[in-house]
Amino acid sequence: MSASHILCFGELLLRLSAPAGEKLLQSARLDVVVGGAEANVAACLAQLGHAAAMVSFVPDNALGHAARSELRRHGVDVAGVQVSEAGRMGLYFLAPGAVLRTSEVLYDRQGSTFALAAPDAIDWTSRLRDASWLHLSGVTPAIGANAAAAAVRAAEAATLAGVPVSFDGNYRGKLWALWNGDGPGVLHTLLSHTALAFADERDIALVLKKDFGGDTPMERRRRAAEAAFAAFPQLQRIASTIRDVHGPDDHTLTGTLITRDGAFTTRPFRLSRIVDRIGGGDAFAAGLLCGLCEGKDDRTALELAMACACLKHGVFGDFHQVTRTELDDVLAGGGGDVRR
Amino acid sequence: MSASHILCFGELLLRLSAPAGEKLLQSARLDVVVGGAEANVAACLAQLGHAAAMVSFVPDNALGHAARSELRRHGVDVAGVQVSEAGRMGLYFLAPGAVLRTSEVLYDRQGSTFALAAPDAIDWTSRLRDASWLHLSGVTPAIGANAAAAAVRAAEAATLAGVPVSFDGNYRGKLWALWNGDGPGVLHTLLSHTALAFADERDIALVLKKDFGGDTPMERRRRAAEAAFAAFPQLQRIASTIRDVHGPDDHTLTGTLITRDGAFTTRPFRLSRIVDRIGGGDAFAAGLLCGLCEGKDDRTALELAMACACLKHGVFGDFHQVTRTELDDVLAGGGGDVRR
Amino acid sequence: MSASHILCFGELLLRLSAPAGEKLLQSARLDVVVGGAEANVAACLAQLGHAAAMVSFVPDNALGHAARSELRRHGVDVAGVQVSEAGRMGLYFLAPGAVLRTSEVLYDRQGSTFALAAPDAIDWTSRLRDASWLHLSGVTPAIGANAAAAAVRAAEAATLAGVPVSFDGNYRGKLWALWNGDGPGVLHTLLSHTALAFADERDIALVLKKDFGGDTPMERRRRAAEAAFAAFPQLQRIASTIRDVHGPDDHTLTGTLITRDGAFTTRPFRLSRIVDRIGGGDAFAAGLLCGLCEGKDDRTALELAMACACLKHGVFGDFHQVTRTELDDVLAGGGGDVRR
Amino acid sequence: MSASHILCFGELLLRLSAPAGEKLLQSARLDVVVGGAEANVAACLAQLGHAAAMVSFVPDNALGHAARSELRRHGVDVAGVQVSEAGRMGLYFLAPGAVLRTSEVLYDRQGSTFALAAPDAIDWTSRLRDASWLHLSGVTPAIGANAAAAAVRAAEAATLAGVPVSFDGNYRGKLWALWNGDGPGVLHTLLSHTALAFADERDIALVLKKDFGGDTPMERRRRAAEAAFAAFPQLQRIASTIRDVHGPDDHTLTGTLITRDGAFTTRPFRLSRIVDRIGGGDAFAAGLLCGLCEGKDDRTALELAMACACLKHGVFGDFHQVTRTELDDVLAGGGGDVRR
Amino acid sequence: MSASHILCFGELLLRLSAPAGEKLLQSARLDVVVGGAEANVAACLAQLGHAAAMVSFVPDNALGHAARSELRRHGVDVAGVQVSEAGRMGLYFLAPGAVLRTSEVLYDRQGSTFALAAPDAIDWTSRLRDASWLHLSGVTPAIGANAAAAAVRAAEAATLAGVPVSFDGNYRGKLWALWNGDGPGVLHTLLSHTALAFADERDIALVLKKDFGGDTPMERRRRAAEAAFAAFPQLQRIASTIRDVHGPDDHTLTGTLITRDGAFTTRPFRLSRIVDRIGGGDAFAAGLLCGLCEGKDDRTALELAMACACLKHGVFGDFHQVTRTELDDVLAGGGGDVRR
Amino acid sequence: MSASHILCFGELLLRLSAPAGEKLLQSARLDVVVGGAEANVAACLAQLGHAAAMVSFVPDNALGHAARSELRRHGVDVAGVQVSEAGRMGLYFLAPGAVLRTSEVLYDRQGSTFALAAPDAIDWTSRLRDASWLHLSGVTPAIGANAAAAAVRAAEAATLAGVPVSFDGNYRGKLWALWNGDGPGVLHTLLSHTALAFADERDIALVLKKDFGGDTPMERRRRAAEAAFAAFPQLQRIASTIRDVHGPDDHTLTGTLITRDGAFTTRPFRLSRIVDRIGGGDAFAAGLLCGLCEGKDDRTALELAMACACLKHGVFGDFHQVTRTELDDVLAGGGGDVRR
């Protein structure tokens, strides 16, 4: 593993999706991509030139090997992706929405190798050596008791090792319900180790068990952030996007970043004729980590995060395929006529 | 056949369409779906949980068998779809429009098994037993003299059996012209048996040979409806959509329902980035029949019809693939972000 | 060759493009179409019923033969497309943009058969016999020294033969830079032979080495046109489009035509959900030539050109696939609901 | 349900397969078909004109509904396919072999709705009413304890109802091993209820815990059959195919049928350039049941079974798509030049 | 039209075929190619460098235009392909066979523009000017009374103009039966104008109403040829292939040519793993005409014909895509390892 | 780079191939895979669990980056693949053969980044550190003067560093001819540094300018090997396959390995219905290197090489996708029925 890499811990998934404009199994094919919230962050960071390393578990079969290889294709260090005899490959099915039909995700992750892995199966001391960040998300502990314990262990080890934790709320009520997990409790613990949180007022409300009023989304987020900064001394930054959904493939996105000293918002970006919305939040997280790792100031890092998130909506698949040139193009106004 | 089923009578067709953004035979493939105005209604009703049965004729070859099987796949009772040695499978070719290019349908239905079938080939007495509705459309009589006679026979038999008739105008001037059929005359006869008509002021003007002025579409439709209610004592409801076409794949749709007592309109629905507009009117008809069969009041039935019609624009193919959950989602505002 | 045909001279190219929503080689296939600025004009003119003939060079292999055959499929006379042992097929790769990502062209034309062809390899005297126009573009001389010399030779021969020259600026700075060609100088020479130029104020500024101010695009174009008419006595018409880019697949296009006597603009056309923007300018040129060849007045010819250009944005591929019916439809307002 | 139908009980599966010549996930798509040993038999029987009904469980999501609909498309009565909230859709992944590479199946059935269903969830008394046969296979009890109990219950109920049982050995050691099930014991119980068994000497050896020698496959099968007839008084016929594998897509198949009175073998059929071998055994079973239901003598029924099995190898998918004309063609020698 | 071209007269068809290994409409796509017996000959001759011109009728719609354009792509002169308002595009559906399943053609040609065309719609005097051959086939008169009259007229005109007629038997009993045409009578008339016939002993038996015995195919063909030479004084050569069918995609082909002076056979060619057998006979005809036009001796012409026919079996589509290099390669033994 | 890795030096290429059964550009798509003789060896070794590292040059554009990423996906260390501004991506087009039509490769490598790279652009001292083998092939020096110099430099550096050289003859006359390179001379130099050569009697004859007679291929190879061992003292092993070509997709392959002490041949392997023959020789080389690296004896290593080569013929693409399980399966006889 490279010096000063960003470590991502979470489940690798296969996404099986219906062709655009079709419902699941309307025709006899499924398009397959590799994804998973934390893997998406790792792949995006690697594409942007940062050393990124993944910690995960996959089954010892053709599916597990393929998922790991695809992550490697994007330049992520996969030495920490363990292969195991037990369990199956985590899947999810996606029916992309259209016109007034909402996109729908059908999770099929029960009994996965990741879910079955023992919480102590990872040697965090060696994995965290030379890491600049540990990135986690709220999807991981939602998978089951083992995964929740593993996520907490990871966060604790990072705090111990002095590695700052980036945590993306990603609350998935359906997953927690499947095993009656204490979502708010576990997220509270994880946030207490977090330096950079991706969370909006609903995430914080859930954890602090308290609602945050306000006339605008930004006002509500500021109030929630204040409460979060009070509750979690280690926490330095809370970032989120305000997503205004006009239709399944037509959104407006605005980026926000709140620190203990200030608050920033970007201009709203109209994203019409979206190709693939999945992974947009992960691209936002990757962009912000990218900016922070490069020593950018908060406003610049936020703009980088937004450019990254917006571009993701125009690329098929969970993993982002992005170049520095494209980011610069968006930061400069972007979306122009053919470049020859 | 189930008790209290809805009976649909019309031709099953194969649609052969060019890939999106291409003209017919620009590349060497055609996508094939099964359709036909009345079959679309039957398939949609079955998807929504209603017993629907089809009466039709298909050739005794691989194409006819496949069309019948596909209808069965959607849950429609196909015992009334007769297989015959004579004639060919009815086809139509579709070049979907784009940007400023209009979508174009090329009918290829001459000499079809349905067109050649004798008007007395169906035993309506047994078919209509336990039927709650008979659904017909104006496309069927337009196919030729045999089909026109058969449609009239069907309507007469329904009146005799006390089964209410639902009739969708669907005027196709080109088809009537091919055999010099008396479109207005035949439609007049069919409307005289109709309880629920899908028709706008142009359909009614054609039949009553009289124009209907008015400043707004709704005003014109009300006046036409008045005249129709006067002319056809059996008629109870006239429904239609107002379609404002901004481009081949960007429409605004408003639903209207006029009864002898009142008139209802829905809010306008903006349908942008339409996947497949074919079958939108049939989904509207199916939704309204669905609502009426379930004893919904007129306004609620109309809203159900519109939700159903709007969703159809987001699904590839002539047949609708719709779930109750999706309908509820649209009725509740709809078109949100990914559902996980 | 037919009497009174339009002659087009330029390179035939293969375009290899990624599927929509994907980046180059994101998945393991490329879609291939035949293109090239001047071939696009020829194909479009032939589709519209005009005799069009191509002069070009292709390698004597499967790729060269296929490109020539495809042009013939569209009805272009390819007797002037010479097959040669030397050089390779000119290619370009295209990654279509989406959301905020700009479409990107990657040229791969070095060492092509066209680039290697000797400037005197064409017998212009015989080729120009009975020609009504010679169409050239600024891409051709940008390819290299040989091609630049050949383009100048062609223009000179046309002047000598009394055949009017149509010239589309199409300035490609990257291509000129590859061989340090004197772009402005060569274009100046070509414009001095031109009767109909497709050029905006930047093209003219480049050639006349002088900037043209003005508050609106049209004002700047008028001023540039005045200067051009002064500098090039043979020049009679300058046409161009004003393209307002809202996103990679959402543009507004306005057509302009400036003559020595007057200036015309069309209404702006909103082109949303563009299928393929490549070849839009060539369709504009073809439409204008079509109008002029048919003796239409300037305003009508311009409207024809715009209808043609707008329709191109809705068809996949470099070559336009257009019918007279479609043009008439757009001229009459266009873009309506399904035509049955 | 029709009078005198054949009832099939087992799991519906989705098969996700790599394109021919590729390994799993080598490219980013999977082809999806519906299958399952007993469903394959039902679909084939329905295609051949017999009333077939399925008893199974699928999850209440898009995958479960699609699987059930596809079975209905083939003409199978799916009223007995129960939809349940619990569990996931059973899947299997297939990498078709090529040249010297063996085809490989990767089961992903753990936690499926079928596996979780309670053994008493089916009302066998009503399901078996008017049934002419109950068809089971050895895959079903291998899925888990619940499924094993359910299969035994089904067989017992059939014996009680006087409905003959058809049982296809289909021993899957890997599946039994996953839950330490007593395969031989359960199969022994099932065979004690069986009238028609599809089994070779290895299946019988497993159950009777005794090896059967002999110089030829047929001799070994005769000896095993003798022992089976002795052990299972209800058993009347034992059928099997002798498959000689020259390569993944080049086999020779010979059909055998042993009764208490005699033994029959067909000529060997060379099956080269096999399209899809999966479901070949199920087609054999369906063909034999078809023959017996039609009152054919044993030899004729066996030949029908072989024709059916051989044709299956030439059709993509688990379900057979076969017509009577094709069967007749093979029985008459078959495999000729184009039929026009 | 070029001097000394070969004229082909017959119907242009669209072939719609299921993907390999699938039955018609098993999945939702059809692959489309342009074909027709005589068009296949024309396309093949043009590919081999001969001037070939087509005489036919297509409907004035997207399908008719596309068919004509595709023929032009292969280099055939299509000035004689008339566009007409009446009738529809002739189609045929193809389900390619596999393993023991026979390939199946489903004609859908009734009411086609070609079938409806008046027998005197072609000005044969001008079409036959400078023609070196007129090629006809037995499919054309089988289409209907108009087409039969037109074919006879064409042959008579050729005899009058001194242009030798090439006639390919291609007897299609099913088509003749549809309109009770006198197949043998019409073929007799056509053969009386023929110089080069493609026919085996069954074709000749049909026309001369007389059987031809013999122990080997070649002996039977010799005897039939003798009788034909006696009956038809204009006839000089009779060519045919002996096709031994081992399976739908595994044939052995031997070429034969019988003249008034001698008889030639080629070695047998084993064609395994056939890609597309349709058009194989037409390629044989084109190859022989190619050889004769180039003044090759009979044996050499026959070998060329066989090489051409064999290569066709390895190319998808009705039209042959063949190069001289490939022909030379087969004549020299062929079918070697990768050529780099 | 890992300790004790195998270093491969050569050009990365994109292969653009027509779909099976089609000629180049017959339809509008090309399938793209990454290849190149030495990269194929590296990818195969990595798949088999060996550390493999590539040294190469790719252009700094989407194509070059994608090629490098794909190699990384297979597990090859790509730190030595330099990205450069100069030159284009090397391509080759492939039309797979069928029936009697030979597969054809069309190289398009002129002006590639690899061809333009300076011979001293690689720091061999650091690259060769800890390398167990350096693998080269005869394609690399054939590309041009720079590449030839670079290959020689690489071999010299390896000798200096004590790293044994593996060299695959791969003589490409067409490529040498393009720049009048002294093929035999350069290969002589390379062989003088080689410990393991992949070469048959024609390769050796070319280099030693001397023919080798003998009644069987094996005899000729033995004699050539004797001469080679005499001429090149560093040479220890000469391996090759005897390929008997029955048709484009039906070969028989026999492996041979000759050492200074003995000679080994495997049994002949019949490879029918080949999926992709490209890369078969590279898989043989990789398999042998794999065996030698694992300390297998010569016979065992040869058998491993043959199993690897045979399996490659059943996988689409240039890169091999192989597992240890598959190799073991072939070594044990292989190619059986479905593995479940």
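So that you can tell them apart, the chains are marked A, B, C, D, E and F in the order they are listed, and the count of residues begins at 1 in each.
The rule is simple: a contact is a pair of C-beta atoms (placed from the backbone, for glycine too) under 8 Å apart; a residue touches a chain by one contact, two chains touch by 3 or more.
Because the structure is a prediction, the values reported are computed rather than measured.
Shared contact partners of chain C and chain D, listed by label: A, B, E, F. Per-chain CA centroids place chain A at a distance of 45 Å from chain C. The geometric centre of chain C is 41 Å away from that of chain E, both derived from CA atoms.
Within chain D, the positions touching two or more other chains are listed as 23, 26, 28, 70, 104, 273.
Viewed as a contact network, the protein chains are fully connected, with every chain touching every other.
Those residues of chain A lying in contact with chain D across their complex are 14, 16, 23-26, 28-33, 61-63, 66-67, 70, 88-89, 93, 95, 104, 106, 108, 110-111.
The touching residues of chain C, when paired with chain D in their complex, are 27-28. Partner chain C is touched in their complex by these residues of chain B: 20-23, 26, 97-105, 107, 172, 174, 243, 245-251, 273, 277-278. Of all residues in chain E, only 69-70, 72-75 touch chain C in the complex they form.
The residues of chain A lying in touch with chain C in their complex are 269, 271-276, 307, 310-311, 313-317, 321, 326, 329-330, 334-340.
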